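Lettered A, B, C and D in written order, each chain numbered from 1.
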Amino acid sequence: MTIRVAVIGAAGRMGSHAVEAIEAAEGLELVATVGREDSLDTVLEAGAEVAVELTVPKSTEDNVRFLVEHGLKAVVGTTGWDAEKLARLEELLTAHPESAVLIAPNFSIGAVLAMHFAELAAPYFDSAEVVEIHHTRKLDAPSGTAVHTAQKIAAARTAAGLGAVPDNTESDPLGGRGAVVDGIHVHSVRQAGMNAHEEIHFGSMGEALTIRTDSWSTSAFMPGIVTAVKEIPHRTGLAVGLENYLSLRTA
Amino acid sequence: MTIRVAVIGAAGRMGSHAVEAIEAAEGLELVATVGREDSLDTVLEAGAEVAVELTVPKSTEDNVRFLVEHGLKAVVGTTGWDAEKLARLEELLTAHPESAVLIAPNFSIGAVLAMHFAELAAPYFDSAEVVEIHHTRKLDAPSGTAVHTAQKIAAARTAAGLGAVPDNTESDPLGGRGAVVDGIHVHSVRQAGMNAHEEIHFGSMGEALTIRTDSWSTSAFMPGIVTAVKEIPHRTGLAVGLENYLSLRTA
Amino acid sequence: MTIRVAVIGAAGRMGSHAVEAIEAAEGLELVATVGREDSLDTVLEAGAEVAVELTVPKSTEDNVRFLVEHGLKAVVGTTGWDAEKLARLEELLTAHPESAVLIAPNFSIGAVLAMHFAELAAPYFDSAEVVEIHHTRKLDAPSGTAVHTAQKIAAARTAAGLGAVPDNTESDPLGGRGAVVDGIHVHSVRQAGMNAHEEIHFGSMGEALTIRTDSWSTSAFMPGIVTAVKEIPHRTGLAVGLENYLSLRTA
Amino acid sequence: MTIRVAVIGAAGRMGSHAVEAIEAAEGLELVATVGREDSLDTVLEAGAEVAVELTVPKSTEDNVRFLVEHGLKAVVGTTGWDAEKLARLEELLTAHPESAVLIAPNFSIGAVLAMHFAELAAPYFDSAEVVEIHHTRKLDAPSGTAVHTAQKIAAARTAAGLGAVPDNTESDPLGGRGAVVDGIHVHSVRQAGMNAHEEIHFGSMGEALTIRTDSWSTSAFMPGIVTAVKEIPHRTGLAVGLENYLSLRTA
């Protein structure tokens, strides 16, 4: 049973990788690619069941509305989905219960798993810190993913009744201890030749657990997109975050 | 509500660490320590609710039987529990439903979490390999934990419908590709100054996920023992493996 | 003082990267590119002082002879220079003392430095092992670089009077201890998404030193080529190995 | 030819490890141990050739003076040797040219090698950053070793004519980029269960070189002390820094 897939935003950096990934994936057939000038009708005419939407914030809501109204299922990687847009989409999906939409700010399976693992591990260790390494063109520090990871760790510690991480630093005039996000220290390395990397450190008396993700290029997002496309035929309604489409429980 | 704890095998390497850890843990009170020459009655007289059993394979079954028959709960770190002994214990627990026994071959929380994470991650990556590093006194290779990790990864891949890991090696006259356990390659490094360490590598197009555990000493097992002692009052019956006492699901 | 540079083999994978790197480098001017169909006279006509030779084993000797005979200096990345060819080249250079040739099997500065550091560190640690990680298209194991690293470590240990590395392994039925090169264990990991990586482990009582190199693409060789092109105007004669053109001593 | 060794400060943490290490080392014979109450004459009476001085800042200068005046050679690990004391010692050694003193603030061979390698590598990479990880009892950040490493890297970059490391960070309100020491970013992680660890990151287009040292305990300093004791019979005069006693050049 091959799934018929369209890519909207096929000419962009993510889109062109997605086209290649879908063409290469077993069980998926690429039936349409839509660029900025093309009509979305192409998707319908090609008989696509699933559309991968990788365009720009100002177009994504209209595109997804069109897909839902025509009963297609949509895997969306475009950013810009604020609470208001999500509320409108949820309402629309109620009226089209046969449709399904996954909105994923991060299609890196490694990053999504790492964050999930960090949440599970956090209650069991005295210390937790995050080190992120990115290319030198990055404008902000710490990275959004690292901040998000620290927040999840902090919440999991609080839920488990843990107090502050142990830290006896008395003198740090230059700020070596880095950023503090909800009580968790986050360090940002900028290194030529690197892309996007994160190392989550947990430690207790006599032991350490370290979770590292490396993402070298846009192609790192493709396994996540392919996984989502294969899963969405079995889903209905709205999901935000790729983790909802992964199987994160053992038997 | 303080939990009253006895340590059986208190003079051994693990036992003496356990004594210290229980004394240091909030919410636990050490009420008895039992050495090779001492009677188990000490445990009863001291009013212990939970006993930590860290003796030797030939004593452990009798000790645990005594504890169960007297309605205590037992956290057991001694090895040697084969299928037959486990069956006898399970029968005994049926007759004493107020008791509970946790038998844990590995009290390292980091190692237990790492194995769990490896199972969850395995279905999502093309490649998976295990590198373990141990001290140079170790007699066997690969380590039992590494073999077990590889088996779990292999089973998770099979369950997810994945085939063999990609490998185009045609020439490897010296055996550089290491041990193969259920199709997963395992590498054993022996290094002076190290203790017990494992690195689980997952990779796909453009990304990697690496899970590393470091265990530097027997003290690494203490957080696991303390966690188990705190959890066992809420449990009944038999559990094998510390993972059963950890909370491994997010809300 | 700009150095005038030609690239021979400019259409190949290495060559096209070299063209870009030389164009981008301060102090270098790309004055000619030579493809398979082009005459080497182009190099002379363009007034190049240095030529980067990145062709194929069967052409490289003739190309380098031409360059030397015309008094140019040549940075050569092509393989296939056996002892006989090197002897002929050395003789030729005696007749052209104004010329210089660097033949470098590996232009990765990181890899060259790592090997040098491994040699320096080897005498001071009880244990030494090498783990290399490569993409899954690689046909042979262990990698040539890892074998070479192990040989250098072994030689440095011998020179320092060290005996065999400590290893008490008695049982290793699956070959987890990996390849043994001159007494040094080498482990080969094959992982989708990776390119070429090496980790050199040294350990003694209470401490470890780890040297890691990561090379993600052909572009990793460009800093080495640029460094060589900038250095060769100050050199005469033959050098084999980029390490000869690096400054590896502190003041 | 066995070297006869005395340990002064034998009851301290470093001293007691040193006693064990010298007893275990081939070619060394422990002939005297001196505690706080003992006379230094013990060292002379025992016929020691080399003394390892591991006491406290207020005693070390007198002890070393005594050793030099009696023609012994001294390996000194005690801190507190300021410029003034060093000048006096140098003068004293001029009058006793048969003596030799090594003053080493850090006996970890791994740390000394790592710093040396960092200096050698620094000129060849666009980016360089330092991450240090220490136990949670540490009072200051960044660690002295990390600051020293950053200074050495900065000096080596300047000497090679390199400019500032590339960094386009525009927004870092929480200080994730860490401390900046002579233009090099330094990050300080504090983690329960760890001891003293440093990771030096170098990166350029397409490649990375990472040097990591791990020091788990005082025992990590013993190989450095043993190496110094074996080397000092061949030396005269004053040396500051273990690196002066290591062989850091290849043939």
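Throughout what follows, contacts are C-beta pairs under 8 Å (C-beta built on N, C-alpha and C of every residue); 3 or more make two chains touch, one makes a residue touch a chain.
Owing to the predicted nature of the structure, the values given are computational and were not obtained by experimental measurement.
Student: Count how many hops through touching chains it takes, at the least, to reach chain C starting from chain A.
Tutor: 1
Student: Between B-D and A-D, name the chain pair that shares the greater number of C-beta pairs in contact.
Tutor: Output for the comparison: A-D.
Student: Taking the mean of the C-alpha atoms as each chain's centre, how many Å separate chain C from chain D?
Tutor: Computed from C-alpha means, the inter-chain centre distance equals 33 Å.
Student: Approximately how many whole Å separate the CA-defined centres of chain A and chain D?
Tutor: Taking the mean C-alpha position of each chain, the two centres sit 45 Å apart.
Student: Determine the centre-to-centre distance between chain B and chain D, using the mean Cα coordinates as centres, and give it in whole Å.
Tutor: Once rounded, the distance between the two centres reads 39 Å.
Student: Quick one: which residues in chain B touch 2 or more of the other chains?
Tutor: Expected reply: 125, 193, 204-208, 216, 220.
Student: Can you list the chain D residues touching chain A in their complex?
Tutor: 125-127, 129, 131, 133, 136-142, 146, 165-172, 174-181, 185-194, 201, 203-208
Student: Please name which positions on chain D make contact with chain C in the complex.
Tutor: That would be residues 108-110, 113-114, 116-117, 119-121, 123-125, 159, 202, 204-223, 227, 246-250 of chain D.
Student: Under the definition above, what is the set of chain A residues touching chain C in their complex?
Tutor: Interface residues on chain A, with respect to chain C: 193, 216, 220.
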